[in-house]
Amino acid sequence: MDHQLSHVRSDGSAHMVDVTGKDTTARTSRAQAVVHTRSDVIDLIMDADLPKGDALPVARVAGIMAAKKTWETIPLCHPIPLGKITVDFEADVDAGTLRVITLVKTKGVTGVEMEALSAVSTAALTVYDMIKAVDARAVITDIKVLEKTGGKSGDWAISEPGDDS
Amino acid sequence: MDHQLSHVRSDGSAHMVDVTGKDTTARTSRAQAVVHTRSDVIDLIMDADLPKGDALPVARVAGIMAAKKTWETIPLCHPIPLGKITVDFEADVDAGTLRVITLVKTKGVTGVEMEALSAVSTAALTVYDMIKAVDARAVITDIKVLEKTGGKSGDWAISEPGDDS
Amino acid sequence: MDHQLSHVRSDGSAHMVDVTGKDTTARTSRAQAVVHTRSDVIDLIMDADLPKGDALPVARVAGIMAAKKTWETIPLCHPIPLGKITVDFEADVDAGTLRVITLVKTKGVTGVEMEALSAVSTAALTVYDMIKAVDARAVITDIKVLEKTGGKSGDWAISEPGDDS
Amino acid sequence: MDHQLSHVRSDGSAHMVDVTGKDTTARTSRAQAVVHTRSDVIDLIMDADLPKGDALPVARVAGIMAAKKTWETIPLCHPIPLGKITVDFEADVDAGTLRVITLVKTKGVTGVEMEALSAVSTAALTVYDMIKAVDARAVITDIKVLEKTGGKSGDWAISEPGDDS
Amino acid sequence: MDHQLSHVRSDGSAHMVDVTGKDTTARTSRAQAVVHTRSDVIDLIMDADLPKGDALPVARVAGIMAAKKTWETIPLCHPIPLGKITVDFEADVDAGTLRVITLVKTKGVTGVEMEALSAVSTAALTVYDMIKAVDARAVITDIKVLEKTGGKSGDWAISEPGDDS
Amino acid sequence: MDHQLSHVRSDGSAHMVDVTGKDTTARTSRAQAVVHTRSDVIDLIMDADLPKGDALPVARVAGIMAAKKTWETIPLCHPIPLGKITVDFEADVDAGTLRVITLVKTKGVTGVEMEALSAVSTAALTVYDMIKAVDARAVITDIKVLEKTGGKSGDWAISEPGDDS
């Protein structure tokens, strides 16, 4: 932790940190978000019967485009090239939940956690936009990084019981 | 629900629905997101001692700017004028949580739930970006609309125990 | 034509013309673009068997989002609210063509021809992007306004033999 | 074709393909679009006598800016650095046509066909926007890649009778 | 001044102020910026002999586009419709200066001073970009609002000796 | 100067110049802008007592985000990666001035002067937006590059009496 804190400026002012000395390496990040709604709404999603149309392809595109714009949306993120982005969905009708899972790959000087998180949160918000006419009280939760590879801080993953992505 | 479903196209294809016949009325929406981290990280946030600098003003600006760009980010949202946007934070050091609360007002033809949700999720992601050097495993949760006024679907609010915003 | 030419500045310099005196009225525009490729590629499109995945939902979202950003892309276009956007496709396997048709509605002070044209051209470019691995020599053609209603210049439509949209 | 089709995901879902393993090489692409209007309108364009002002410099800037934003507009395009962009015009008064030709160069991991096509289509749309007060029925056609160099798929060019660009 | 200060929040936090209660009225703003360079550089500008090409049409388009994106660039600005934008230039070869003057009109709920200032500063920066190969030490100065009409705060103008715009 | 002028095209048309043959090297640029207002307004800025809230953190974020978007705003700028961005402020209450100073670092093929200038001018405009309710006649001046390192044109700096940044 000491190393990272060396970025702190004496007056505490926010700044974009220096990455010009970092190595370009292969990096990946996987992240997720979960939309909690009702079972009948999950059915409408899977059957493409929602008022605004088929939700998942729209949410997938929105997530991919959001990943590419992360540096525009998150003030202190660096613009980096992105090499691969996938956005997948796992529906659980009984639980009334839709899980969004994203994988982002790059060959760059920073990790791609923020890109993966932007993708899942935007895809989940897009799903909410498509279902809000039938469930305005849906909740988005459990937005987190699942796995990270590459970079000086090393690889890590959280345990995902039953993860089949 | 029947009324809304009348928007469904015969082939289920996604589209931006017609709002040209809707009335321009005053509308508000309040939404929240919660960042779950550790108590010591909440202290770093509140003391502006994070590696990238003082997190809350950056997250506030990011949330306000994201609200204005909702129609660019969420594919089927309509561009609408926005009249007021606030982004507030409630820290709970013991619980290790930071709650983000947004209020958006407009005089327009659609509600501003998506704008409020975009603001809170972007502000929460920005907080994650500022703290990830000290807690990469923080989780964003409970993103939801708290209250809505104006528009044909009527006013509603969820109960918020101890809400003081 | 005399009336419109009154906008010309004495030095011929480009400018965004004054629309503050124009009435807000309901306006629509329909436009099209045609992608010329091969019959087997049309089959791949319709069967969602392309390398990058299912092309039409992606092109539809791209077209809708492009319509909303027309004022950012076309330098002298005015930002206007948009009330409805649809993007449809008509495949002709024998001819090896895919026709993109867009309808845009607004209640505003300018027409929405540019928005409809931006939608069809961006949707067609997106289709090209999805098929270029199998047909880099595909051609986009016949981008034009099909119909316009509302505004002082009056309603008009071109004849479309066999148009069933 | 087999190689490219290996990108297809089992469920056919759209995704941004992995380019992290591709080599950074010099690449160019030339593309064109043609605006069909009337002879007198071509005269107005060339004489900078149009209502909104001198069209070609505006269309040139719009095309260059669109090339740089291709990854924002076309959902599955990768953001890449761009090294050179030119936008040129060839007017044929008798035919009532204006041809837009773009050259894009990069040193990157993907080709720049989409960037060249975005430039010509946006420049052509901008010309339409400048002339629509005098010819709303103008048509944009023959948008295609003329030539491509660099990358694993090899160099190629279509024959252009009398091309002097 | 008392009235405006009523917007201050108790904790001093930044926010987008409420304009939903304000009247939609016609408003204009004129602003300027001045680029200080050398006489020979002004000649290169006026003769379109600069390395990157003819500077003024590019700067004009950049200024117009920047005015439209003011709400994206300036965090607490409201998105408003814009009705007219002009960008003009006055060269003084002897003084080695280029003055940029913008007029913006709207029918909206806020003034357009920020839009006019964004236009002149972006146009001036674009001129700097075009001349920096021949004068990297050029300076941009005197960015200010010249005149404002409409809105509750009333009309005002600064005196401009010899202003002929 | 001869070298750079070799970029001029025969017809003087604007274009984005070729940088594909340039070396990737470490480069920095420092720039400044100065806001001239009144002493009491500087006090309001430093005490975070302005109507719209605490100005400096908002202006800092606006400046950083503008630096990253320079290639979108300035038509002929190349998109390049950015490695570090800081935005600092120096208030002079007696003089009634606020100086904005930016440092931008990259490892890229072009200099970052335009990025540094975009940051300072946008930060200064944001300050104006925050103070215009109390001083609509504030002026932004002395926008210039202070120092440049890296690249073929060599390092240089202007003298800054008493510069303590």
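So that you can tell them apart, the chains are marked A, B, C, D, E and F in the order they are listed, and the count of residues begins at 1 in each.
Basically, a contact is a pair of C-beta atoms (placed from the backbone, for glycine too) under 8 Å apart; a residue touches a chain by one contact, two chains touch by 3 or more.
Computed from a predicted structure; not experimentally measured.
Asks: Report the chain whose mean Cα position is at the greatest distance from that of chain B.
Replies: Max centre-to-centre separation from chain B belongs to D.
Asks: Compute the distance, rounded to whole Å, between the mean C-alpha positions of chain B and chain D.
Replies: Distance between chain centres, rounded to whole Å: 38 Å.
Asks: What whole-number Å value describes the gap between the mean CA coordinates of chain A and chain C?
Replies: Taking the average C-alpha coordinate of chain A and of chain C, the gap between them is 31 Å.
Asks: Got the chain D residues that touch at least 2 other chains?
Replies: Chain D, residues with two or more chain partners: 9, 13-17, 54, 57-58, 61-62, 65, 69, 75-76, 79.
Asks: Looking at which chains touch, is this a line, ring, star, complete or other?
Replies: Contact pattern: none of line, ring, star or complete.
Asks: What is the complete set of touching chain pairs?
Replies: A-B, A-C, A-D, A-F, B-C, B-E, B-F, C-D, C-E, D-E, D-F, E-F
Asks: Sort out for me which residues of chain E touch chain F in the complex.
Replies: So the residues of chain E in touch with chain F come to 1, 4-9, 12-17, 48-55, 57-58, 61-62, 65-66, 69, 73-77, 113-114, 117-118, 121-122, 124-126, 128-130, 132-134, 136-145, 148, 153, 156, 158.
Asks: Flag every residue of chain A that touches chain F in the complex, lowest number first.
Replies: Of all residues in chain A, those touching chain F are 9, 13-20, 71-72, 75-76, 78-80, 109.
Asks: For a test of understanding, state which residues of chain A touch chain C in their complex under the given definition.
Replies: Checking each residue of chain A against chain C gives 54, 57-58, 61-62, 65.
Asks: Hey, which residues of chain B end up touching chain E in the complex?
Replies: The touching residues are 26, 57, 60-61, 64-65, 68-69, 79, 81-88, 105-107.
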